[in-house]
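Labels run A, B and C following the written order; every chain starts at residue 1.
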Amino acid sequence: MAYALQQLINGISLGMIYGLIAVGYTMVYGIIGMINFAHGDVFMIGAFVALIALLLLQLGGVMDGTAAILLMLLASVAVTALYGWTVERVAYRPLRGSFRLAPLISAIGLSIVLQNYVQVSQGARVKPVEAVLRGGVEVFREGDFAVQLSYMQMLIIGTTLAALAAFTILVTRTPLGRAMRACEQDRKMAALLGIDTDRTISLTFVIGAALAAVAGTMYLLRYGVIDFYIGFLAGVKAFTAAVLGGIGSLPGAVLGGLLIGLIETFWSAYFSVQYKDVAAFSILVLTLIFLPTGLLGRQEVEKV
Amino acid sequence: MIPAAALRDAGLAALVALGLFAPLVGLRTDVSPTGGLFLRTRWADVAIVCGIVFLGRLVLSLWLGQRGLRPSTGPGPWTARLERAGAFVAPVLLGLAVVLPFIPGIGRYELDIGILVLTYVMLGWGLNIVVGLAGLLDLGYVAFYAIGAYSYALLAQYFGLSFWVCLPLAGILAAFWGVLLGFPVLRLRGDYLAIVTLAFGEIIRVVLINWVGLTGGPNGIGGIPRPSFFGLPFSMEGGPGTFAGFFGLEPSPTHRVIFLYYLILGLALLTNWVTIRLRRQPLGRAWEALREDEIACRALGINVTTTKLSAFALGAMFGGFAGAFFATRQAFVSPESFTFIESAIILAIVVLGGLGSQVGVAIAALVMIGGFELFRDLDEWRMLVFGGAMVAIMVLRPRGLVGTRTPTVALGKKRAISGDLVSEGHG
Amino acid sequence: MRDGDRPRRDMILEVAGLTMRFGGLVAVDTVSFTAMRGEITALIGPNGAGKTTVFNCITGFYRPSDGAIRLHVPGALPVELHALAGHNIARAGVARSFQNIRLFPGMTALENLLIAQHNTLMAASGWGIGAVLGLSRYPRAEREAIEKARRWLDATRLLERADDPAGSLPYGAQRRLEIARAMCTEPSLLCLDEPAAGLNPRESDELARLLLEIRAGGTSILLIEHDMGVVMRISDRVVVLDHGKLIAADAPAAVRADPRVIAAYLGVDDPEETAA
C-alpha cells in the first residue's frame, strides 16, 4: 500500500513532465495537422540550456535553490522558445500547404540535426548534475517503508501546474488564444478574417517550445543526468500521451501524460523495468486501435 | 531586395543565430576528471557561426532577390533533363551496377559501399510499395528488416539451417509479422498509422535488447554462417569442395565480396521486377487507387483491408529478405543496427526519390548513402550534414527528385502525370 | 400508391422502415419505398431532408440504426444490403457516384475505369501471383477490360481524354467519368448523388440522355437530384423526403401536383431551409 502510494507520487511527477511536452504536440497538431517530430529534441535542448544556466549560476555564486531554479527556468524558456520559432521557420513554413509527407520528412531531418548539433557542440557523454533541491517530507509510514514526497517532486508538480495554468489562461482568455483556436478550426477562414496565421502558427511553436523547456528543466532536476538522446524517447512517449488523451485536446494531453507516467512507473515497480517502454508503446497501439480519438478527443465523421 | 533591407534582414538572422548558438555552442559542458561538470567557453566559434549565417542570408537575399527560396513541385531544370534522360538513365545505372566489380580500380572497399547502397536501394524499393504506391506511411519499416536479420541468425544458430533455406523463411516471417501488425492498425489514418508503426519498430528493438536468453541482448548474435555459392563455401583453403577450388581459381577474399554484391543486386532487382509488374496489375493499380481515394475504392467493391494488407506484407517481405542478407553479410546482428534512425533514412530515401518512382529511389539511395560514405572522415558531423540535407531537399523539392507519375496503361501514348494531381494517401 | 399493384418480382430495391440516428438527431425516420427494375427512381426533397443519408445507408457508408434495405436479384434470395460491409455492396451490384466527385485524380481516365473492374481482373490475375509470373489468362482479361472501358469512354464522350489524368478533366467531364466508372462495375442498380449539380443546361441535357441510355441498357437507376427539369423529364417514379420522413412516392406528374410536396418546397416555417 505504502509502496503503491510512493509509486503514485513518482508517477504523477513523471507524468506531469510528459504532459507538458504532450501539450506542445497537441497544439501543433491542432493548428497545422502535423506531428512536430522535432518537438522531443526541442525538449532536449531545453534540458541542456537549463544545465548550462545552472553551471553559470554556480559560477556566479548563486547557491540558493529556489532562485537558481527560477533563473534556470527563465533562461531555458527564453532560449528554447527561440529554437521553437526557428524550427517552424526553417522546416515548416516553407512547406506550408505542401504535400503532407514533406514537412514530416523535413521535421525528421531537423530532429536529426538538433540531436547531432547538441552531440557536436556539447559532446556525447552523459551530463550528471548534483541535486539542487534535497530532502522532502514523509507523507506516510507503513512498517519500515516511508512514503516520501521530495521537495523536488513538489517543485515539479507545482511548476507544471503553474505553467499549465498560465497556458490555459493564454489560450482561453487572450486574443492570441482566440486566434489560435480560430486557426485550428479553419485556417483559410481565419486568414480571411484578418488573423495573421503565419504569426499565430509561429507563436504556437514558441509556446509549445516554452512548455517543453519547462519540462526539460524539470527532467534535468528530476533525473540529474541528461544526454543528447533523451529527446527521442521522451518525445515518442509524450506523443503517445497526446494521442491517448485525444490529439488536439489540451486537457487530454495533460491527462494522457499523467496516465503514461503512472503506467510507466507502476509497470517498472511491479513488472519489469526493461520493458517499461514496451508498456508505453503497447498502450499507444491499443489506444489507437480501440479508441482512435483518444480519451477526450473529438469524433471525426467521415464525410461522403 | 534592396541592399539596405537585405543587410537588416541578414543582421536579424545573425541576431537569431546568436541567441541560438551562444548558449549551446559558446558554453560547452565538459565532465572534469573528478566527475563534476565545468563550462568551457568558445566565443570564437559562436562568432564564426553567426558570421556565416549573416553572410549566407545576405548572399541568398541579394542573389535570389524577392523570389526567395521557394519549394517547387514543377519540373526543375535538372529534373526535366532527368525525365528526358529517364529511359536512358535506368539502363545505364543498371549496366554500371552489373559490371561494377570488374571495373579496374574498384576494390573491396568500393564494393562494400556498393553492397551498402544496394541494400538501401532494396529497402527503399520495398518501402516504396507501402508508402509510395499504397500511400501508407510506415515509420517502423526497420522492424521488418530486423525480423529478417534475426530470423536468419536464430534459424542458423538453433537449427543449423543454411542461408538459402533461411532467405525465403526470413521473408515469409517478416510478411507474417507485417500482416499481424497490419491487421489491427491499417484502418488508422495517416499520422496515427505512422506513429503506431514507429512504436512497433521500437517494441521489436526493445524486445531484442531485453530478451537476452534468445537474442543475446545488446551483445547480439555472432558467428552467423556466411552464404555459400550454391553449396560451395568461400574459403581461403582452396580445397576441391570450395568455390575457388571448384572453379580452379586462386582463393581470394574478394570472391565472397563479389558474390555478396551480386546477391544483393539480384535481390534488389527482384524487388524492382515484382513492383514494376504488380503496378501494371489490378493489385498494384488498387494500391495506387487506395492512395488516391479510399472511399471511392470501397464504393467500387475493392476490399480495402486486404489490399492494404497485401501492400504491407509484400513490403515487409522484401524488408525481411534484405534483413537476412544483412545478417549473412555482417555475420553478426545486434539491436543497434535497427534503430528508428534507419527507418527514417529509408523513408527519406523513398520521399527524396519521389514517391512511387523506382529510378528516383535508386538515385536517392545512391546520393544519400554513397554521399554519406564519402563524408566518413567527418565523424559526428556526418549525421548533422545528413539531417541538414534532408531538410534542405524537402524545402526545395517537396515532391522528391522524380515528382511525376507514369500511367500504368494507355490507349495512346503514356504521358507523365504532374505530381500536383497525384495524392499521397491518407492512411 | 401504386406499389401494391405491381408484382414483387419487378422490384429491385426495397427500403423498409429505414431509420438513421446521429446521436439524438433523427436524420431519417422510418422511411420505406421501393425502386423498380428497369426504371429511374428519383429521390428528392429540400436541403437537410435526409436524402444523402438514405443514399449512404443504401450504399453501405452508414449502418442504419433500424430498418432493412434489400436488393432483389431475379431467381435468388434478396440481398440484405444493410448487413453487408462497404465493399461487398458494390460486389452485390450497387454502384454509386458522389456528390463531391471522388475520382482518382492522379490516375488517367482509363485507369479509373480499370480500377472499377478490379474484382474481375483480380480473379483473372490469380490474386496477383499468377499475373506476376506471366499467366496467360490475364492478358486476355485485361484486353477485355480495356475494351469495356473504351466502350464507356465512348458512351460518355471521353475517349479523347482517355490518357489524361482524371484530376485535369473539366468538371462536367469528371461527372461523366464518375458515372462511366460506376457502370464499369456492371451494377444492377446505379445510385447517383446529384449528378447534374454544377452542370450547364447543355450538359444537363446530355446527362439526361446518358441516363436514359443506361436505363435502356437494363440498369436501374436511383438518383438524388435538385434539378427538377432533369428529374421530371427522365424519372419513372419520384420519392419525396422532408425532415427525414417520406411524404410522397409516385409518378412525376402526380408528385408535382401533390400539395404536401409543394408545401415542403415552399414551406415558410422551415428553419433548416432558411438556414441553408
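Definition applied: a residue touches a chain if its C-beta (ideal position, glycine included) is under 8 Å from a C-beta of that chain, and two chains touch if they have at least 3 such contacts.
Chain-to-protein mapping (UniProt): C = Branched-chain amino acid transport ATP-binding protein LivG.
Please read these numbers as outputs of a predicted model, since none were measured by experiment.
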| item | value |
| --- | --- |
| Pair of chains joined by the greatest number of C-beta pairs in contact | A-B |
| Chain of greatest Cα-centre distance to chain A | C |
| Chain nearest the overall Cα centroid | B |
| Where chain A and chain B are represented by their mean Cα positions, the distance between them in whole Å | 29 |
| Gap in Å, rounded to a whole number, between the CA centres of chain C and chain B | 44 |
| Gap in Å, rounded to a whole number, between the CA centres of chain C and chain A | 49 |
| Where chain C touches two or more other chains, by residue | 61, 98 |
| Touching two or more other chains - residues of chain A | 302, 304 |
| Junction residues of chain B, two or more chains touched | 295 |
| Interfacial residue positions of chain B with respect to chain A in the complex | 16, 19-20, 23-25, 27-31, 35-39, 69-71, 73, 131, 137, 184-185, 188, 190-192, 194-196, 198-200, 202-203, 206-207, 209-210, 295, 340-341, 344, 347-348, 351-352, 355, 380-381, 383-384, 386-391, 394-395, 398-399, 424 |
| For the chain A and chain B complex, residues of the former touching the latter | 29, 33-35, 45, 48-49, 51-53, 55-56, 59, 75, 79, 82-83, 86, 90-91, 94-95, 98-106, 108-113, 115-125, 127-130, 232, 236, 239-240, 243, 272, 274-275, 277-278, 281-282, 284-285, 288-289, 292, 302, 304 |
| Chain B-facing residues of chain C, complex | 59-61, 86-91, 95-96, 98, 102-108, 110-111, 114-119, 121-122, 125, 127-128, 131-132, 138, 142, 146, 150, 159, 162-163, 165, 167-168, 181-182, 185 |
| Footprint of chain C on chain B - complex, ascending | 274, 277-278, 281-283, 285-286, 288-289, 292-293, 295-304, 310, 405, 407-415, 417-418, 421-423 |
